[in-house]
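Pasting the structures here.
Both complexes shown next keep chain A, but they swap its partner, so chain B is in the first and chain C is in the second.
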Partner chain A sequence: MSEYSEHDRSGGSKVMVEKKFFTFGEPPNQLLLESGARLGPITVAYETLGSLNDSGTNAILVTHALSGDSHVAGCYEEGDHKPGWWDTMVGPCKAIDTDRYFVICSNILGGCKGTTGPSSINPETARPYGLTFPVVTIGDMVKVQKALLDHLQIRSLLSVIGGSVGGMQVLEWAISYPGMVKSAIALATTTRHSALAIAFNEIGRQAIMSDPNFNKGDYYQGPGPVLGLALARMVGHVTYLSDDAMRSKFGRRLQDRETLAFDFEANFQVESYLRYQGSKFTQRFDANSFLYLTKAADYYDVKRQHGNDSEVEAFAKVKARMLVISFTSDWLYPTYQSRNMVKAMKKNGLDVSFCEIEAQCGHDAFLLPNKRQHSLISTFIERLYEEGNSNAL
Partner chain B sequence: MRYDLQIIASWIEPGSKVLDLGCGEGDLLSSLKKEKQIIGTGIESSEEKVAICIERGVQVLQGDITEEVVDYPDNAFDYVILSQTLQQVYGPHKLIKELLRVGRQIIVSFPNFSHWSIRLQILFSGYAPKNRQLPYEWYDTPNIRVITIQDFRRFVKNTGCRLIREVAINTHSHDLQGSIITFLPNLRATFGVFLVSRRNNGNKGQP
Partner chain C sequence: MSEYSEHDRSGGSKVMVEKKFFTFGEPPNQLLLESGARLGPITVAYETLGSLNDSGTNAILVTHALSGDSHVAGCYEEGDHKPGWWDTMVGPCKAIDTDRYFVICSNILGGCKGTTGPSSINPETARPYGLTFPVVTIGDMVKVQKALLDHLQIRSLLSVIGGSVGGMQVLEWAISYPGMVKSAIALATTTRHSALAIAFNEIGRQAIMSDPNFNKGDYYQGPGPVLGLALARMVGHVTYLSDDAMRSKFGRRLQDRETLAFDFEANFQVESYLRYQGSKFTQRFDANSFLYLTKAADYYDVKRQHGNDSEVEAFAKVKARMLVISFTSDWLYPTYQSRNMVKAMKKNGLDVSFCEIEAQCGHDAFLLPNKRQHSLISTFIERLYEEGNSNAL
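Right after this comes the complex of A and B.
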């Protein structure tokens, strides 16, 4: 996802946040992963906004997508021009209003923004894990988030909200912790990757692994597979856009020139844009994390993991009020995939609402300012929050 | 709330499960939730209207009614409501059969095409009728079916369903006011509202 590519210029937000860390799973109490491997200690990087009310009924967990991090909103310091990746959505008086709700966002397991991942130091060897890091799953990421919430003494979640790979975590939360999740908002997501989605991820992984500087993932002493990672990002970025969006954003316009150059430099704006996005990404993301996180997304399969190959059975235990949102131009996780999960929820008699938002910008639509998405999310949570309060009286 | 919806609401037992097909902005469901504590869900094709439903706290799915209804298990609802939509449905017989599968009872309302004013219009003008209930030209109308109160009664009888309640009303399509017509309804009522169930509830989906 393009968490930071569109928001860099959106100006400073007044809310100050701080990245915090929590460590658990020290040997011999390592976390048992879905693969059967054990991992520990695990450090989780997280940020919070707002404050938890006395009754503990206003906590909202925001789950980030592939290239996001714990920095969901606000700024780290005065004059910081780069607010969090969902600053348009989360903050005081915003759709997820931090004057009312306590918002938590943590970096996912396997990531590279403070939570334990392949670039972290393996305490046993005192060197980065690299490819010795165990393969992790969406379920494992959610287990780590649960450990964090336990540590923060959060026993109930008013809502879990996330898009794309974050949406998978939302579904996982609703399925795995039905007693804890009051509502779940799954944006632009799927219960399992299509062959198309796996294919693009595999192209990205191959680009990284075939980079001469990859060195079987043990590249932390050298330059690392920056070309491969940039290429992986270019491919990924295309899948987050749409034909429409690209036509209106670039068309066939040329970059800083009037005529074709008859060479292999970036003649077209779209070429130049992708090169820029690719190279910028290498400054903020670890190639091994890209491998692990895309693999986790590819492995995710609600049917297989929770339903004995039945999507209906997978959602049988869910109690949360569900809101599923898709976007018309998202061809990575198209609307039919959202409809399929809604179908399984209906068959279970769940309280589910579904809306397909007309949007031109493809899969990334959920990250961009969108009036409809704002109003759907804010009113959906608000209703639930007010109902909860009136029931408590 | 629209007059036909007021009639429909008055038929719903408190605390029941209700599916409203083509629920619009959720007027009926939100009123039933408040007044009768029902558990309701709506299906609506317009994104705009779906958003309004969610803002009002009405559970809603954006989609096509004929496609959405098939996902529900048998007897998932106490009532399935199809108000002022039957005349726009491509396969009414199939749809009603499906509604009777997912709901114990169905409530159907539609504009009565045999109202005297419509009959007179055809008789004297020779043009396809156009009035406040049916305000479209033949070439731009969403109403692809011509149904009369008498037609629907016969349909219920021939398909072996049970007609539980029937009310003919005189109202306009978006009016809040109206009156119940008991004398010559097929001639004098602008809308018919019907409550129908399967003949016996063991005989699932066999109208």
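Right after this comes the complex of A and C.
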């Protein structure tokens, strides 16, 4: 099967991609969610790069983080100057080389970029779900991705790779579909949110739900809780950066002035930056999706869900070769959390590589160009791919 | 002069204190602020414990942090079970021993606990100042404290002591009144906010100013921006704690339930705690004061204000003996910031003691009982007091 089409490559080095849709779970075959609720039909927005080889051994699933989407790399059309969110990592001759691998990325369940979520129309009421959308989990997101891969006739994954909330999906894949996942690469992630991480998400949710335009989530006719969502994003942005990163990016520099203004405008550059990031986010993201996706991240807990309260037991069924990467300045999911998960994996005799990358830019480091990360990932996948090929000879 | 009255001690170990007021700066003698604006009259709410000795050598000024007030220790009346905010530190036979020292603590300028601030009535309009209140600085707060001490005929301070924003006032005292300050104890503080600290304050301010009840600060007739202020406090609370502290205090424990609720109520204890703290704060604090006091903290910068952009130069005039204390888990004002200020002090040949205290509880550690802190402070002050007494013989 080949999804490699004229849309995939343009002249020069620009890769063209197309957003596609797949729908499943029409009643009475709705998806059974972890909460016990049933949801369907479910539409999944996805994109692919490269082509699946005949033996079906070169598929790589990329899972995205909170505010990401299916548009992992490449451009939608000529003259489009903003490529996908991980274009530095995914593409021809890049760390995840689309000349060699078939890459799939889909928008997560509960999102707002084409996959069914709270802003989707509930066919039963012909109105957006809003807060009637069921609370979904990382496990539910992965089930939806599995349905997509079944549809694409992908029976084996050379690798699943993702960072942050995407990394939780990576762990979930390795645990839930051990026969299908050859390797799993979890970046800047955790097996369970700390109280600190839950606290920041809860502040974001409270900001949204306190906004008078929130209207119990039923705001799709009106202006929507834009101020609350902007605040939530501001909080998020601070947690994605680090003290160091903020010091070198902004320090105490003033915005467009030489002296203190003695007012409540954005005097410092960091204030101006946060206001801008908050406001920009409201143009591209749905506040209800923010609630659902942060809740899914907070609920995720491999111990509780898969290990009878033991992290070691949670990884007992995993067969994938694992690569875990953390970043020195990530204080949202600090390295000790990655070390703990690596220990639990090793106690199961798993083949785990772990690396803490020295990076100044905080939690977001995995999204930024980083030679060490690129080389670790490309080498890890390449070795596995070549082993698979030589085994097949 | 003695302020030691029947109100100061009750039967048993309970110390009784009284909130007092002092007003100065009546037109045309208003206080000239750092911004160039003039403000007056200014009322200062203050409390004292112990009594000033005849030689006037035992006065200690305690400066409070963002949400503190003049009520540093003791109780207002019999049956009052909630003593002042630093009652563990200040009182008879405590680290700051009120049987020996005369302790003064006043509410800071811009606050809402009796000292003139944005919720005070502007005599020119007979309405609350709101945002017509001038932006004040740490320097302005210290000038107001100086006026109070002049009024109390205190000409020398054995020590000035405070943490966090109170610590900034301590530094400002040592720099601005070198002839008057014998020693200065700066706890969990910084000479200038990092971009990270400014960012958190800005999120709090945006939460307040985005609240539709804010009404450009003119909300004293209405319900006020309580949701925004609650959010601001939630953000603050997270920054006052640490990852460790939150893990041991809450971990991932659920609130009043055994299993996940799959809804947007406060499922985790940490969520419930933050909502409670946020809501409680709105009953005791003015949102406009939150804006002004955080802005003063963000503006504070000893380099810029006192040192021609050199921290060493900023401390050049200081004569006080210094004690600087930081806490291992304080990520709002991390230890490296205290080390930098200590280096700058030492380059001026100052007599500086520095200690980083091992504490799990984050920035708030200085407010909590801690044997190491108590012993460092009591020894430091005692030695100085006894030296002063023996010199006087």
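As a working rule, the second predicted complex is superposed on the first by the 380 of 393 C-alpha atoms of A that agree within 3 Å, B and C clash if a C-alpha of one lies under 4 Å from a C-alpha of the other, contacts with A are read in each partner's own complex, and residues count from 1 in each chain.
One rule holds in what follows: a residue touches a chain if its C-beta (ideal position, glycine included) is under 8 Å from a C-beta of that chain, and two chains touch if they have at least 3 such contacts.
This structure is a prediction, so every number in the text was calculated from the model and none was measured.
**Q** May I ask you to name which of chain B and chain C touches more residues of chain A?
**A** C
**Q** Using the touch definition from the top, say if A:K343 reaches chain B (first), chain C (second), both or neither.
**A** In the superposition, A:K343 touches chain B alone.
**Q** By the touch definition at the top of the document, which applies to A:G251: first (chain B), second (chain C), both, or neither?
**A** Touch partner of A:G251: chain C, not chain B.
**Q** Regarding the shared-chain residue A:V238, is it in contact with chain B (first), chain C (second), both, or neither?
**A** A:V238: touches chain C, not chain B.
**Q** Considering only touches as defined above, state whether A:V270 meets chain B (first), chain C (second), both or neither.
**A** A:V270: touches chain C, not chain B.
**Q** Of the partners chain B and chain C, which touch A:V135 in the superposed model: first, second, both, neither?
**A** In the superposed model, A:V135 contacts chain C only, not chain B.
**Q** Is A:Q206 in contact with chain B, with chain C, with both, or with neither (first, second, both, neither)?
**A** second
**Q** If you stack the two complexes on chain A, which partner ends up touching A:T43: first (chain B), second (chain C), both, or neither?
**A** neither
**Q** Tell me the contact category for A:E358 with respect to chain B and chain C: first, second, both or neither.
**A** So A:E358 only meets chain B here.
**Q** Give one of first, second, both or neither to describe whether A:L376 is in contact with chain B, with chain C, with both, or with none.
**A** It touches chain B, and chain C stays clear.
**Q** In the superposed view, which residues of chain A touch chain B and also chain C?
**A** None.
**Q** Write out the stretch or stretches of chain B touching chain A in their complex.
**A** Listed in rising order, the residues of chain B that touch chain A are 47, 50-51, 53-55, 57, 59-63, 71-73, 76.
**Q** In their complex, what parts of chain C are in touch with chain A?
**A** By the definition above, chain C touches chain A via 35, 37, 131, 134-135, 192-196, 198-200, 202-203, 205-207, 209-212, 227-228, 230-231, 234-235, 237-238, 241, 243, 246-247, 249-252, 260, 262-264, 266-268, 270-271, 274-275, 278, 291, 295, 298-299, 301, 331, 334.
**Q** For a test of understanding, state which residues of chain A touch chain B in their complex under the given definition.
**A** 323, 339, 342-343, 346-347, 349, 351-358, 372, 375-376, 379-380, 383, 387
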